[in-house]
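Multiple structures are listed underneath, in C-alpha cells.
Each of the two complexes below includes chain A, the first together with chain B, the second together with chain C.
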Partner chain A sequence: MSNNEFVNKGATKNSGEGRTLWEEIRRRFKKNKFAVVSMYFLIFLIALAIVTIVIDIVDNSNIYNNYVIKQNLKDKLREPEFGNPSMIFGCDEFGRSILFRMIWGTRYSLFIGLIAVTVSLITGGLIGSIAGYYGGKIDNTIMRFMDILLAIPYMLLAIAIVSALGPSLINLLISIAIPKIPSYARIVRASVMSIKDLEFIEAGKSAGASDIRTIFKYILPNAMAPVIVQATLGVADAIISISALSYLGLGVQPPLPEWGAMLSAAKTYIRDAWHITVIPGLGIMFTILALNIFGDGLRDALDPKLQH
Partner chain B sequence: MLIPVLIGTTLIVYCIMDLTPGDPARMILAETKTSEENIEKMRESLGLNDPLLVRYVRYITNLLKGDWGISYKNRISVLAQIKEKLPNTMLLAFSGMVVAIIIGIPIGIIAAKKQYTLFDNVSMIGALIGTSAPAFWLGLLLVITFSLKLKWLPPAGMGQGFVMKLKSLILPALTIGTGTAAIITRMTRSSMLETMRQDYIDTARAKGIKESLVTTGHMLKNALIPIVTVVGLQFGSLLGGSVMTENVFSWPGLGRFVVESIKTKDVPCVLGSVVALCILFSIVNLCVDILYAFVDPRIKSQYKTSRRKHI
Partner chain C sequence: MKDLLLIKDLVIHFETDDGIVEAVNNITLGIKEGQTLGLVGETGAGKTTLAKGIMRLIHKPTGKIKDGEILYKDKDLLKLTEKEMREIRGKHISMIFQDPMTSLNPVMTVGEQIGEVIKAHNRISKKGIEKRTCEMLETVGIPSGRAIEYPHQFSGGMKQRVIIAIALACEPNLLIADEPTTALDVTIQAQVLEMMKSLKTEFNTSMLLITHDLGVVAQNCDFVAIIYAGEIVEYGELRDIFKNPKHPYTIGLFGSIPNLNDNVKRLKPIDGLMPDPMSLPKGCKFNDRCKFAMDICKEKNPEMVLLNNGHKVKCFLMQNNI
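And now, the complex of A and B:
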C-alpha cells in the first residue's frame, strides 16, 4: 500500500473528517445499492469459476468430463424442468446439462476478459505514461500510431488478429487485448499530463527522483482513478467480444463450454429449441449488466464531481 | 487525417494478413490439382515472392489508381464486389441509426421531463439492459420471436423487391440499433436535464409559451449538441457492429464479406473492405462536423465573423 500513502495523506487533509480516501470511496460506493448487488454478483461469479477449477484439480476433471463434455444423446434438446435441479436449464444439442455447462463456462469469459484487460491496461498504460510524461515528438509519434489503431473498427481488428494467429485461448486473449491498447494509452496519457506539472512532482524531481521513480511512484498512483473505471467497463467490452468471436467460430472452440460458443452451436437448432439460445445469452447479459452497474458506481464513488 | 489513417490501417492489416498461415497461390489452384511448378509460377505472377514492403507499396499505388486487386477465391474484381456490398451495409447502418434515434430521443425526452417517476426508472433500466445485451444474441432472440414463433418476418437474408427488402431489414436494423438507442436515450435524458435548469427556460415559461413548445423549441434545441456528437460517434460502432449483425442475419453486406474473406484468407478482399469501411467512417465523421453548424448556430457564426474579419 506504500503507493497510496501520498493519496491518503492528501485526501485526509482536504476532507478534514479524519477519513482516508479509500474509506471515503467505500462509503460513497455503499450508498449505491445496485452497485453493491452487482459487486456481490461478480464476486459470486469469480468464486464459481475458482471453485470449479479447484473441483477439476481435486477430482481429476471427473465431473467436468462426465457432465460438461460427455455427450448423452437421449437427452438431446431436453426442455427445462423446474423440479429437477440439474435440468433447470434443460439440455443442449448433445444432451449435456446447460446448468453444468454454464457454471463450468464462467472461467472462460471472466478470466480471459480480466487477463486481456490487464494486459492491454499495462501495455497501454506504459505507452500512455511515456507519451504523456515526455511529451513533444515522442508523444506525437506514439499517439498518431494509436490514432491509426483506433480508426480500425474494434471487432474487425480482433477478427483479423485472431484469424492470423489461429483460434486458441491465448490467441483469443491477444486479439482482444491489442485493439484495446490505444484507448487505455489515451486515458493514461490524459491523466498523466494533468498531473505531471503539479508542484509535488516538481518537489519530487528536485529531491532527485529519477524519471522512472517519478512516473511509477508519484504520477501513476494519482492517475489511477479514471483508469480503474475504464478498466471495469473494459472487462464488459472484452467479455462481449470474446463471446462474439466464439460465436463466429474464431474464439473458444466447442466442446469447451464458453457461453458464446454455446450460442454458436445453438444457432443451428434455433428452430427446435429456444432455451439453448436464450440461457447462455442471459448469462452473458447479466454479467455485462453487473459489470456496467459496478463500473458506474465505482466512477461515482471515485469522482463525486461527475454526479449531477 | 484520412490519408495517414488509411496508410496505417492498410499497413497493419497487410502485415497481419501476411502472418496468416496458408499460401494464396496454393489456395487459388487448390481445385485444379496442379503441380508444384505451376504453383511456383502462379506465386511469381502474383508477385508473392517479393519482400513484404515492396508488395505493400505496389498495393497502395494500385489502390490509388483505382485498381483494388482481384479476389483470390473467385477471380472477381474486389472493387466490383465492394460496390455491390457497400450499399447494403450502409442501408443497414443508416436504418439502425434511424431506429436508434426514433426510439432513443423521444424516450430520453420523456424520461427527463418525468424524472424519478416510474417511466424514468423503467426506461433507464431498459437502457442499461440495452447496452449490456450482446447484439448477436439480441438478433437471435428477435429471430426466435418474430420469425419462428410469430412468423411475421423473414429470419435471414435480404428480400427482393421493395416490400420484401423492407421486411427483411426490420430485424437486423432493430438488432444493430438497440445498443445505440440505449446510449442515445441516456445522453438525451442527461442533456435535457442539464438544459432544463437553465434560466432561459424559466424566461420562456414566464413569457407564456406553451409547455410543449418550451420542450421542443427551447429545451430540445439546446440539448441537441451532445446528442449529435453521440450519434456521430456511434456511427463508427454501428459500422463495426454490422460485422456481427450481418453474420447473424446472413445480410449480404461488407461485414459478412470481410469475415468470410478473412476465413478464406482472401487478402485483397479483406484489405479492400477495410479501406472501404475506413473511408465510410471518415466521411460520416465529416458529415457530423458539418451537422454541428446547423445544430449550433454559434459555430456557424464563428465562421461568419472570421470571414468578415478577413474582408
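And now, the complex of A and C:
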C-alpha cells in the first residue's frame, strides 16, 4: 500500500508539468525571436506562392499572362513609384511590373528548393540509414559510390545534368537534388551509427522488433534532429543553386519570373536601372537569411543539451 | 523438475583485430520452470554476453557463438531462423536491461512502447492493445493515465518499472534480468525487486537474474551460479552456496562483503584482477589469484565435480576430497 501511495504522488508531481517532446521543442524555439520572425516570413512566402497558384487556377492565368509575362515596352525600365502600388518596385527591361514578377516568382524558388531538398533527403536518408545500420560491406559499397558523387563539384555536376537532359523544370529539380544526395546520406549514416548501438535499440530487438521496424521506429526518429536542420539550410542552398543555374541560363527559362533568372536578365542594365537587379537580389537574400536563421533556431530547439 | 532453458557447452568469442576475446567458455547451465537462477560474477566475467547470447543479440560481425546449444523447451535456439527467433524474443524470452535511462526509446510514448510488443506478438485490436497496455502499467504500479507521457518525464525507478512492464507484457516464460537494479538507488532497488518477485509468482515466469550483488541474490533466487572468466565455477541451490561455498573464488566473494555478526577490522577482498579475456591463463582460470593453487591448477582446467544435491564445483580441491 505504502508503495502505491509513493507512486501516485510521484505521478501527480510529474504530470503537473507534463509536456510532450514537441511542446517542449516549440517552447524552446519561441525563445529565439529572430527565428520566430524568420518562420513567419517563410510562412508568408509559402502562403504567397500558394495564393498565386490558386489565383492562376481560378482566373485561368489571366493576371499571370497580362502582368507577369506580357511585355509592355512603353514602361521599359520604369523607376519605382511609391504612390503607385503595382509600380512600387518599378518595371524591368520589358516593362513588366517587378512586384508582380517577384510575387509570381516565389513558387519557383521556394517550391523547387523545397521539393529538391525533400527528394534528396528521402533518397539520401534511405541510402544512409541502410549503410549505417547494416555496416560492413554494404556500407562500404554504398558510401564509396557516394564519395564518387561527392568528389565532383556540386555546381559542375548540376550543370552537367541539366546540359545533358536539357533545361526544364523537372530536369532542374533533378540536377539540384542528385548532387545533394551524398551529403544527406553521410549525415544520416553518421547519426544512425551513433544511435544503433544504444541500449534501447537492443531492448527493442529483445522485445522482438524486426530490422525495418528498428530502423523506422527506433533509429530514424532519434536521428532526425541534425537532418532536419541540415534540410532547412539545404533549402537555402538549393535556392541559391537554382538562381545560379538560372543566371547561367540553364535553370528556369525566360519568360518565367524566377528570381535568379530575373537577376541574370537584369545584369545588363545595372548601370541604367538599379532597381531591377536589387529587388530580386534582396528577395533571394532575405529568403535565404530567413531559412538560415530558422534552421539555426530549430537546431537549438532540438538540441537536448541546451535544455533549461 | 524439467529445465525450461538448458545451455550446453556454449562458447562465445569476439574476434577483434587485436585478438580473440574469449568471453564465454563452455558454459553448461539449466534454468528450471518457475525458478529463479542467480548468475553472479565480477565485471567482465561474461554475464551480459551470456544473456545476450541466449537472445542471440551478440554484436555482429565480431561476436560469434562458436559452439554449443541453447535448448528452450527442447528446441535449439541457435538453429532457428532470424524470423523464428523474433517470435521467441519478447513472447517467450524477454530481457530487462541494466540501465533504465537508456533502455527506452526517447521519442515514443511509454504507452506506445508497451503496446508495440503486444502488437508484435498478438493479433488483437487497437482497443485490446490499449487496454492491455493500461493493465500492464497498473500492474507495475504506474497510473495508466501516464501512458501518453515520454520516457524523459519519468524518474529512473519509474522507467525501470516501464521496462519491466514491456518485458512482461506478453507473459514470457523466461525473463532475463541483466543487473536490473544496478543503476537505481537502494530504496528504489528494494521496490523494484519486490515487484519483480511478486510479478514472477503471478505470471509463473522463470528468471535469470544477473547481478554482482550477493544480497540481491539471497533475497530473490532459488539457484545460484557463480561465473568467473566465462566459466561457471560453482552451481547449486541458494542455501548450499551461501552456507557451504566450496570454490575458493566463491569463498573469496563472501569474504569481501561485510557481515553484521562478525567483528572484523578489514574485509578480505580477492587479490588481483580478472584475467584479460584476450589471454586467459592456462589451466584453471583462477589459479593466479587462488590461495590454494596447486601445480596441477596451472596445467589442467578442472572438470565440474558433482557434490551432493546438485551442488557442482569446478575445482581440483573437491576432486581430491571424493
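Here, the second predicted complex is superposed on the first by the 287 of 308 C-alpha atoms of A that agree within 3 Å, B and C clash if a C-alpha of one lies under 4 Å from a C-alpha of the other, contacts with A are read in each partner's own complex, and residues count from 1 in each chain.
Criterion: a residue touches a chain if its C-beta (ideal position, glycine included) is under 8 Å from a C-beta of that chain, and two chains touch if they have at least 3 such contacts.
Predicted model, so just to flag it, every value in this text is computed and none were measured.
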Kindly classify A:Met155 by the partners it touches after superposition: chain B alone (first), chain C alone (second), both, or neither? first
Once chain A of both complexes is superposed, is A:Arg144 in touch with chain B (first), chain C (second), both, or neither? first
One more residue to check, A:Leu198. First (chain B), second (chain C), both or neither? second
Return first, second, both or neither, reflecting whether A:Thr277 touches chain B, chain C, both chains, or no partner chain. first
Between chain B (first) and chain C (second), which does A:Lys267 come into contact with in this model arrangement: first, second, both, or neither? first
Contacts for A:Ile43 in the overlay, against chain B (first) and chain C (second): which applies, first, second, both or neither? neither
Which partner reaches more residues of chain A (counting touched residues only), chain B or chain C: B
Looking at the overlay, what does A:Val58 touch: chain B (first), chain C (second), both, or neither? neither
List of chain A residues in touch with chain B within their complex: 144-145, 147-149, 151-157, 159-161, 163-166, 236, 240, 243-244, 247-248, 260, 263, 266-267, 270-271, 274, 277-278, 281, 284-286, 288-289, 292-293, 308
Quick check: in the complex, which residue numbers of chain B touch chain A? 4-5, 8-9, 12-13, 16-17, 19-21, 128-129, 131-134, 136-137, 140-141, 143-144, 148, 190, 193-194, 236-237, 239-241, 243-244, 247-248, 258-259, 262-263, 265, 270, 274, 277-278, 281
In their shared complex, chain C is touched by residues of chain A numbered 3-4, 6-8, 10-11, 14-15, 18-21, 136, 198-200, 202-210, 213, 217-218, 221-222
Chain C residues within the chain A interface of the complex: 52, 55, 57, 61, 86-91, 94-95, 97-99, 102-109, 116-117, 120-121, 141-143, 145-146, 148-150, 152-155, 158, 163, 166-167, 191, 194-195
